Structure formats: C-alpha cells, structure tokens
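What follows is a set of structures for review.
In what comes next, subunit A is part of two complexes: it sits with subunit B in the first one and with subunit C in the second one.
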Partner chain A sequence: MASIPLVDTVTGPSTSELWRTRRDKERYQWSSFGLLTPTFGLLILLFLVPMGFAVWLGFTNLTLVGPLAIHSSFVPWQQLTRLRTDTSFWSSLWVTGIFIAGSIVGVVIMGYTLASLLMRAVPWMRMIVGGIVVVAWMMPAVTAGITWYASTTGGGAFATLLGTPNSNFLDNDPLLVVTIASVWSMTGFAMLVMGAALRNIPSEAIEAATVENASTWQRFRMIVLPLLRPTMTAIVLLTGLLALANFSLIYIMTQGGPGNATNILPLYSYQQAFSFNNLAYGALIGNIMVVIATVFGVFYVRITARRL
Partner chain B sequence: MSEMTDTNVGVPESTTTADAPVLPPENRPTQRTKVRSATLNLILGGLGVLFLAPMLWLFLASIDKNASWGVEWPHFSLINFRHVLTGSLLHSLWNSVILAVISTTIASVAGVFAAYSLSRRRIPFKGPLLLFIIFSSGVPLAILVIPVYEIFSKYGLLSILPTAVFLSVTSLPFEVYLMKNFIDAVPTDLEEAARMERASTFQVLRRVVIPLALPGIAAAAIFGFVNAWGSFVVPLILIGPQNQQPAPIAIYTFLTLPKAQFGNIAAYSLVFCIPVFILYTISSRLFREGFVLGGGVKG
Partner chain C sequence: MKAFRKGVLPRLIAGTTIIAMSTATLASGGVSQAGAASKVTISVAYAANTTFDTTPLGLTWWTAVKKQYEKLYPNVTVNLIAVQGGEPDFLTKLALDYKSTSTAPTLAQFPSTEIALYQSTGYLMSLSKMLKGSSWFSQYPKVIQNEGLINGKIYAVSSGENNVGLYYDKAILTKAGIKVPWQPTNWAQIISAAEKIKAAEPKIIPLWVDAGTSAGPNGAGYGILNLLAGSSTPTIQTSSGKMVVDSPGLLQTLDFFHTMFSKGLGAPTSQLFSLNNAPNIPSADFKSGTLGIAVGANFLAGNWTKQVSFPYWPQASTAIGIAGLPKVNGGGYASTLSGWDYGISSTASAAQATAAFNFMNVAQGQKFLIEAGNWAGWVPPVQSDWNVPLYTNFAAPFNKEFGELLPSSSELPTSANYSVWVQGIETASGTLAQTPSTSGATALSQMKSYVTNQLGASQVTTLK
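For the complex of A and B:
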C-alpha cells in the first residue's frame, strides 16, 4: 500500500483528489464563472469601488451643502494637516482604543467564565443563565441601546438595584457604561464558541494533569489555555472588529457625548460628514477606520484560513 | 429523483450518543465538592442576574401603562402594544420586512451560486478569492457608508431598494463562507449520479445540492435577515424618504420626541426583537442538523 502515493488508505481517494492527480491539461467549466459573477459583481460594485472612491474622496474638500458641494478640489495635504491638528480626532481615536480594548477584555473574560461555569452548573441553572446571556447577544443593537440607556440613567434599574435611585451612571462614567453595554451585548457569542471549544478538550488531558497533582491554575495555564488559544484569538479579533463599527449602541445611548466622552470613530466620522457637513473629512476619518479594520481583518484571515 | 431527496436528510442517527456530555468518572460527592458546586452555581446565578438586570426595563415598561425609565411593578395593560401596532409605526415595521426580505433574497441567491462554485469547481485564483471572502466577512462593510452615500446621492439612489442591495453586500461574504462550508460537507456521490443522468448545472443545484445543504443555506439566510433587520446606521444615512424608514429609525425618532412615551418605546422595541429571537432559535436548530448531512448517502 505504501507504494501508492496520494491515496489515503483509511478513507480512500475522494473525487477531488483524483481530479488533482489528472495528468491532462486543467480545464475550467465556463458555468463556474457564471455562478461567481453575481457575488463578485456585487462585492466589486459595493465594496471595492466605494473603498477606492473613499480614498479619493477623503483627500478632497467636498462638503454636504454650500459651494464646495458642487466645486470641490483635490487637496490631500490640506486634509492631512487638518487630521493631524484636529484634537477631536485624536481624542476620538483614544476613546475608540479604550472602547475596543475594554470590549475585548470584557468579552473574553466574561465569555470564558460563563462557558466554564455553565459546564459544571446544574441543568436548570445552565438553561436559565445561558438563555439570558444568549438573549442579550441576540438583541438588535438599537434595542440593546435603549434598554441600557433606561437602566443606567437616573432612576433606572441599576440605580434602584444599588439603592442609590438618583445616581446617573451614564452621565458620571459614560465611557465605562457604554463599554459594559458593549460587553453585555457580545458575551453570548463568545460564551457559545468557547463552550464548544471547551467541550472539545479531551478529558484525559485534564485527568492526567490532576493525577500529577497539578493545581487548578496550572491545569488552566498549561492545558486549557493553549488548547483554547485559536478560539480566543478569533473571538478577540471579531470582538475588536464589531466594537470598532458599533455605531448604533453608542449613538442611541449617548450620541457620542457628554462632550466627546464616547465619540468613537464611526460616530465622529458621521458627525463630521452629516452634522458639520464636511463630507470629505468624514470620509477621511472613515478611511482611518478602514485601515484599523484591515489590520484586524488580515490577522482574522490568517487564523481562519488555517482551518480551510 | 424524489427518492433521492427523501433519503433522510438531517435525520440524526448518532446524535444522541455524539451529543451526550462526557461524564466524569463516578465518584461519591464529598462535602468539599458539594460546597464547591454550590459556590459555582451561586456565582453563575449572580452573573445571570447582572445580565438580566438591564433587560428588566424592556419587559416591565412594555406592559405598564404609566411607565418611566425606572424599573417598577407595572400597572398591567396591553395598551402600549395596541398603540405601537398602528399607523406609521406599523408601516416602519413593514419597511423593515421589505428591507430584510429583499436583502436576504439577493445575498442568499447570489451566495449559494458562489458557494457551490467555490466548493466544487476548479477556479483560477481560488485561494485568493476565498481569502478575500473571509477578509470581507470579518470586516464590517458598513464602515463604507459615507462613500456609498456619495455614490448613491449622485445617481439618485437614496431610497429603500438600493439600500437593501447594499445591506445584502454587507452580509454576502459571511453567507458565502457559511454556505461553502455546508456544501463542502455534502457528499459528491449524489451529484455525480445526477450528472450521469445528464442533469444540467442548474438542475444539479436545484434538485441535489440545495435540498441537501438546506440547513446551511437557511442558517446563512437567517444571518442575512437578522443583519439587515437590525441595521441602524445604513438606513439612517442611505434612505432619504421619511415613509421608507425602517423600525430602528422609528425607535430612534421616539427618543427625540419632546415628550417621551416610555411604555410605547419599550413595547415597540420588544416587538422589533421578536422576529430576531425566533429566527436565531431556528438557526441554532439548523446548525445542529447541519452536522449530520452525511445521512444523504447510504453506505
């Protein structure tokens, strides 16, 4: 058997493997291209074209209304200088960083904690708590925003629960509150994915370590964490990407305020483009988001493609 | 043909054994493990309460006729629901349905063709194309809304139908990725049998691949629907006419009214959530079914 290459002796050759070993010329079926056309046509038209257009748009001085809405010109240096000297932009970038980092840390910790507790919980507890967390994740961002606004404003649920009915958490710590809301709305996904990954860890590995007198912390650090790493990396990157684009939640809760306290990049970009009418400048800020998203996206592709 | 499609798609034979949790070796619960388990359940319950707390307002205020932002025992009444299911608010929900159905249809039809082609066919630059699909499935395409706004406004497209097309593109890459994985799991034997009978590509897709990969296609379509249904910033920017605005914009408009109608906001938001909850529940069932697709071929 060993003399026949390319044939898996356990499962036998699959059709695609046989095709791969064909010695004649590769042939493409024309219908394959027909099948791909709608998807890639749409992606080119409404993803690649707008992205390319945004690069150009960001370097012009186009406005939403007024004379520059009709006669705009290409002024890259002016736009870049404006970005460099705009303190609101830098503060927005900083706020975005904190919001993303906070969301990632919160989601990973809460997701793991819940997933590992659920595994050992009594069944009815598992159903109720698991259900609540998943419902929080399923809730559309607009609804999550409303219900979080209601619960953290003066006289809301948290103020009542903590016995201080007049404290307005949303006004006192806006960035902290919206970050917690963001964690709340994304934990369910992390919990489900990590729960599946935890169930895939062979119990023999844990038992062997227990026999060797490994402490709980050692078992976590030496066995669970390394085996969970690919899953965790995927969750970190996806949470980062979703938090970066989480316009709706914050827009409903604070509209970026008070002041600029929760003005993350998508909100600032929207504000520049549609409230201050600087359409081109809004697009330029949007391009910064595209750059950040691309960095996350490239790492995401690298870990996902390994599983293809 | 009918015999072929009838061959128990997704009827699990081994799920009961495969899904059963791996039980730890039977050992007598000692006092220590009992305390430990009680503590674990208590912590979990505490976390559950923390996750539930922000939701309470939504449920209580929706059935309270004098609701406020606070959480209080409701003066029970269904008047809020009766208020919000009329007139322009009902119309906004209808707009959401139109937006989501059109966008889901476009993404699912285009997606299933591409997924099949990427799964089965020999295609030049297949690797890079797949990487591009994965990349755009991770990156939220809604961040391109400003350039899309500029393009749409230039061609007078700031209305509900073009917006539905853009929303379909934002969910398309992930749908393709999901459906490709499901189609990969469908055995090729049935397709080859159909080819022997001189079935065309379209017939193979319609009669063999789509029925067999249906759980995956449905799961992808549900993802697309929920994505379009919950979208807020895209319709906010891209839909001009007031009477074409979907429900999320109506919820936001509620908040900007000078006199807040708390009960109505809660009731409307809850109604808006219900389709999402139902669809996600169906979707998780489909995922469980999807993994036993091998049942399509008797062997």
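For the complex of A and C:
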C-alpha cells in the first residue's frame, strides 16, 4: 500500500523545511538554554558543588582535630578498603535496612488501615482521629523523640499503663521501639495519601464484585490493591527515604544505643565524623547514604513517570 | 595553718602584687603587661551548659571573672563566648572554631582529654615560659601539672579536676550488718557488701556503677575506668601510643561487671542507659533511700547543696559516707582523674597571649578557683585549697575527702584513638548490664573486635 504524503511533494516545502515545521519531532530551541541558565547555576552551586566536595572529602583522610586536620591527603583506595572491612559499617547498614523495612511495612499497613477505617467512620470521628494522626505526622522529630523516649523507658507511660512500671521497653527492644516510633511519626502522611486514593476507587467496581459474591479479601486483593498499587509504591519509596534520613528521632531516643543496637547509618556517620573525629570517613558513609537514597529516588521518579 | 603558710600566703602575696602593680601602672599612666598603648581584645570560649552544675552558676562565675579582669586591665576587652550544648556539641563547635584564625578563641576551657589532640593539630601555644613565674601553677600536684605536658612543654593548665570514690548510705549498710564507717580493701569486699544489702533490702539497688554508652566518654571516666585503674594492669594506652584491647586488668574489670550484674547487684538499665545525665542519677537515688553503694564522681556531693539542688538534701552530710575505691586485691585506692583546662590559641598575638594569660591569673585566684570547684563539682588543682573553708564547707564533708583521695588518682589518656577505645569498653559494659549472662571474656572479646576494627590492628596491642 502506497503511503500518503503528508504534503504535496511537488509544490510543498523541501525536506529540510519539512523537518523544521513538523510538530511530532522533538526540537531544541537553543534560546531555551539561556532561560535555563539560572536553574543550572543554582543546581551546580547548591547541589553538584557540595555533592562533589562531599565525594572528594570522603576519599581523603581529613580529621576534625589532630595532625590530619591540617595535613590531609587524597586516599580513595585506603578509604574504600576501610569501608569494605569495617564490620561496624556493615552492621549499621543491616540495622538501617531493618529500620527502613520495618518503617515501610508499618507505615503502609497503618496508613491503609486508618484510611479505610476513617472512610467508614462518622464525620466527627473522622475529623478527630484524622486530626490526631496528622498532628503526629506534623510533630517535629525532636518532640516525637522526647515523647517516645519518655513513654517507653522504665516508669514511662506504657510501662505504667501496663501495670509494670519497671519495664524498660526502649532498652529491652530498642530497634523495635524506635521503628514503632518512626511508623507513628509517618503514618499520618500515608493515611492522607491512601485516603485520597481510596476515595478515587470507583464504587461501581466494588459493587459489581459484591454482586458476584466476591469475599472481602477477594475484593481487596483483586480490586482495591491493584488500584492502590501506584499510591502504595509512592508511599513505600517516600517512607524509605524519610526513614533513611531519620537521624533526629533515633538520636534523641537512644543515640544509636544501647551499644550499637540502633546505630543506623546517619548516626554512624555522625559518630565517625564528630565523636571519633574522622570527618572524611563520616563523609564517605554519608555518600553511601546518598547512593542508597538515589536508588530510592530513581525508582520513585520512574514509577511516577510511568503513571503520567 | 601549715597549709595556709605553705600555699595560701604566697598566692595572696602574688595576687596583691599583681593588683598593686596594675594599679601603680595605671596610676602612672605607663604601659601595663597587656599593653596600654593599644587596646587589646581577647575572646574566651567556654562550655555554657556542661562545666558548671547549672548554667546560671557558670554565667555568674564567668561574668565575675571578666568584671574583675577588666577592672585590673582596662585596656583589654574580653569577649566571652558561651558555647551552648552538651559536651560533644561543645567539642565539635570548638574544633570548628579553631580551624579558622578569625574564629579561634584566644583562650578556651576544654576537657583535659582534648589537650593532645589540639596540640597535635597546632591549635595551642606553649605556656611553659609564662608559667615559670606562676605562683599558683607551682602549687599543683605533679599529676595535675603534667596534665598538659607534651614533649617537655606545657600546653594547657587545669582549672579543676574530677575524681571518683565510693559513696554509701550509712543506714542501709548498717541494716545489712556492715560496720560503718566502711572502707573496703579490695573488690571482693565491695561485691560482698552489695550482696548483704540485697539480702537485707531486696528492693534497693545495691551497687551503682555507670555502664553503657549513654553518658558518652565521660560515663566510663566516672564508672568502669576507675575499676580498671585499680586492676593489675591499668594501662589504657602504651607509651608507643597503642590502645590496649586485651589485658588481665581489662578482664578483671569486665569480670567484676559480670559478677555485679549476674548477681542482680547492679543498677537497672533504665537508669544506666538513661540519656538524662546518667552519672548524676545516684544523688537522687541516695536521697530517696533506694541505693546502697555507688562508684561516683566528686560532683555528686555538690548536687545535694542548695546552690545546685539536684536534689537539695542537707542531711546527706550525715547520711552518706565516702570511701576510697580500693584496688582489685588491695594495696591502696585508685581513681581516674579528668579535668577542664585552659589553653591559649597558637594564633594569638603576643599582646593577646599576655592578656589571655593574665585572664587565667585572675581566674586561678583562690576565690575564683574554689568557687569554680564548688559550682562545677571540681576538686581545685591547688593542693592547699583542699583545706580552705570556702572549699571544705561547701558540700561538707565530701569536698575535703575527695581532695584527700585525689593524689591516688591517675590521668586518662588524651588522644584521638581514646574516643574509639572508650566507646568499645562502654559498649562492653553495656552488654554486661543488658545481658548479665554474658561473660567478662565474651564482653572483652567484643570490645577487642570493635576497637581493632575501628583503629586497625597496628594501633592496638595486648598486654599479658
């Protein structure tokens, strides 16, 4: 079958003119670079330069005090070898992984549960409970940390309410308690996003499934979950990023202890840089966190782009 | 009286001479030591919230010293830099300040454990020449004089010291069948006393010794390191700079902790791991009658005074007794010694250095030195001050007793590797508190592994 020319090849524009006028091809307007220059400038100044400096710093042996605070040198292999053989780093990475995974699972479950329950709740109840959860989310990490610290240590609110005032939940199960605190502080965000997504699920689909005698679990698995998946994925990734950067909450509750039980990467980086004076090694651990955050970020961008 | 003749009189004469000389110099319109011809400005950095027992007490003291100094040296302006935050925050901020000539404080007060770090970075000026004619420095005990001695030069001078002893509740010990005044002669007697307390008063904490990492490096200095100091091999860092990660002394110390916690004699982890000023908790426990014995720093006694009120407990002077912490198998007492020191920045001009040293002269005057000791919970570094009523009447009778215990104390190391090592031993002690079934040998193995991993095998050593 002969193709139909887009324009009259006899009387129409030449091929080069055709390319210039076609609307379905990506075109570059060089003048746009000028308009983007301020953005590029800011990006270079505020992100690439500090990031480049942090990368360079991580490959030196600079210390906060001591002779190497003045006469440091560029020793990338030495630093990478140190990182590779540092069992405390791998232990910290493992603790970070558990903390992030626990936060994600807890936030998704709690966020969905609260959102779906509130959809069925009477308006005044929805307002009160929703408001409390959102306040918990808006609460500064310092306040949340102090609240949870005071509640979970011996003589705290939980121990007293349970009738065992000497129980010390924070010291007995530190990682579990800080993870629950992290979930508590982020559930409000998940509840709001999940609530909006739940309201967008067409009621006809649920009603049709109900007519077909689908069970509650089947309706959830076959209809609700697939429709919520993009939202849940976004929540998973954002919660992961927030948990990775959750320095304040754990620092206030345990300072990474007891021992190294809650020493997640941000705290280990801080400990190396400012407690042990290893500024460069602390920066290197920080750079590893940036790599992890970048992986989360790339997934997030790709998934949100797919939805668009 | 002997002490007065030996120590106080020369200092009074020296102080009077300084004031008289300054007054005469000013009256004659001549040039004072700081240089009256030109104005000199010095900056003095101090920890606003950690050195003194309360922030207002610190502010009162520093302001009074500044006022007195500027009265004596009107051509010098003093900028007091009150660095906010806990001790780790203060150390970070000070280290960053030292990095730039424009922000380096002319004079700073910092923990003695930082001296070698700052000196090796080139931040501190040698004070040896200036101290040659000093009346107060010559009265420091040798162990305190050597606190800032590096390669034959003095880079920092003490403004006060913390040492450690055994506090005990006389009534609880009596009820447990222990005769007071009590003075154990070895570690076994401490454990035995704690066991008797537990048998007589099961709800009471028999023995409080700081464990775990919550109090930072200082926690070990007020707790486990005092036992190590009295062990058969107390060395923490060898003369070649290597950190000791395995020694009979370390094992004895961790075994003591194992015995204490496995027998249920130690404090609960809710107190030991508290981030809320754990080393000060025994002063509240003693007042509430829930603690028998505590290995505690001298500042605990100051907590019971009206000025500090943490908590105020005037009856403590009769209810609580003090004993020296014995060595493992007897043969005297042992304690760690750590203090806060003054250092002058290497970037200071000659005029600024002189002015900063004169500021130290004023701050080290007897009244200010003893007031700092009382309000910051320090034993004053000048030995003759240990018998002066201004010192002994404050937190009586404890202040005097801690002064008497001080000569048996030993300094903690000052090096970059110490902070890692102390994290290792605190983690080990915390493990024993949290999991009492852990043996001392296992805790030592964990510590060895942690410190070796952090510092590298070339930086650690084992003692037989």
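The rule we apply is simple: the second predicted complex is superposed on the first by the 262 of 308 C-alpha atoms of A that agree within 3 Å, B and C clash if a C-alpha of one lies under 4 Å from a C-alpha of the other, contacts with A are read in each partner's own complex, and residues count from 1 in each chain.
Note that in this section a contact is a pair of C-beta atoms (placed from the backbone, for glycine too) under 8 Å apart; a residue touches a chain by one contact, two chains touch by 3 or more.
Since we're looking at a predicted model, the values are computed, not measured.
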> Should A:V135 be classified as contacting the first partner (subunit B), the second (subunit C), both, or neither?
Replying inline: first
> In the superposed arrangement, which partner chain does A:W90 touch: subunit B (first), subunit C (second), both, or neither?
Replying inline: neither
> Taking the superposition as given, does A:A69 touch the first partner, subunit B, the second, subunit C, both, or neither?
Replying inline: second
> A:P258 contacts which: subunit B (first), subunit C (second), both, neither?
Replying inline: second
>> I'd like to know which partner A:T153 touches here: subunit B for first, subunit C for second, both or neither.
In response: both
>> Quick one: is A:F274 in contact with subunit B, with subunit C, with both, or with neither? Answer first, second, both or neither.
In response: both
> Which touches a greater number of subunit A residues, subunit B or subunit C?
Replying inline: B
> Across the two complexes, what residues of subunit A are contacted by subunit B and by subunit C?
Replying inline: 149, 153-155, 252, 274
> What does subunit C use to touch subunit A in their complex?
Replying inline: 88, 91-92, 95-96, 98-99, 114, 117-118, 120-123, 212-214, 216, 268-271, 273-275, 416, 419-420, 423, 427, 430-431, 434, 449-450, 453-454
> Which bits of subunit B are touching subunit A when the two form their complex?
Replying inline: 21-22, 24-25, 37, 40-41, 43-45, 47-48, 51-58, 61, 68-71, 106, 109-111, 113-114, 116-118, 121-124, 129-132, 134-136, 138-151, 165-166, 168-169, 172-173, 176, 188, 192, 201, 226, 229-230, 232-233, 237, 248, 251-252, 255, 262, 265-266, 269-270, 272-273, 276-277, 280
>> Give the list of subunit A residues in touch with subunit C in this complex.
In response: 63-67, 69-70, 85-88, 149, 153-155, 166, 168, 171-172, 252-260, 271, 274-277
>> Per the contact definition, I'd like the list of subunit A residues that touch subunit B in the complex.
In response: 14-16, 19, 26-29, 31-36, 38-40, 42-43, 45-47, 49-51, 53-54, 57, 62, 110, 113-114, 117-118, 120-122, 125, 128-129, 132-136, 138-143, 146-158, 160-161, 165, 181, 184, 187, 199, 203, 207, 237-238, 241-242, 244-245, 247-248, 251-252, 266, 269-270, 273-274, 279, 282-283, 286, 289-290, 293-294, 296-298, 300-301, 304-305, 308
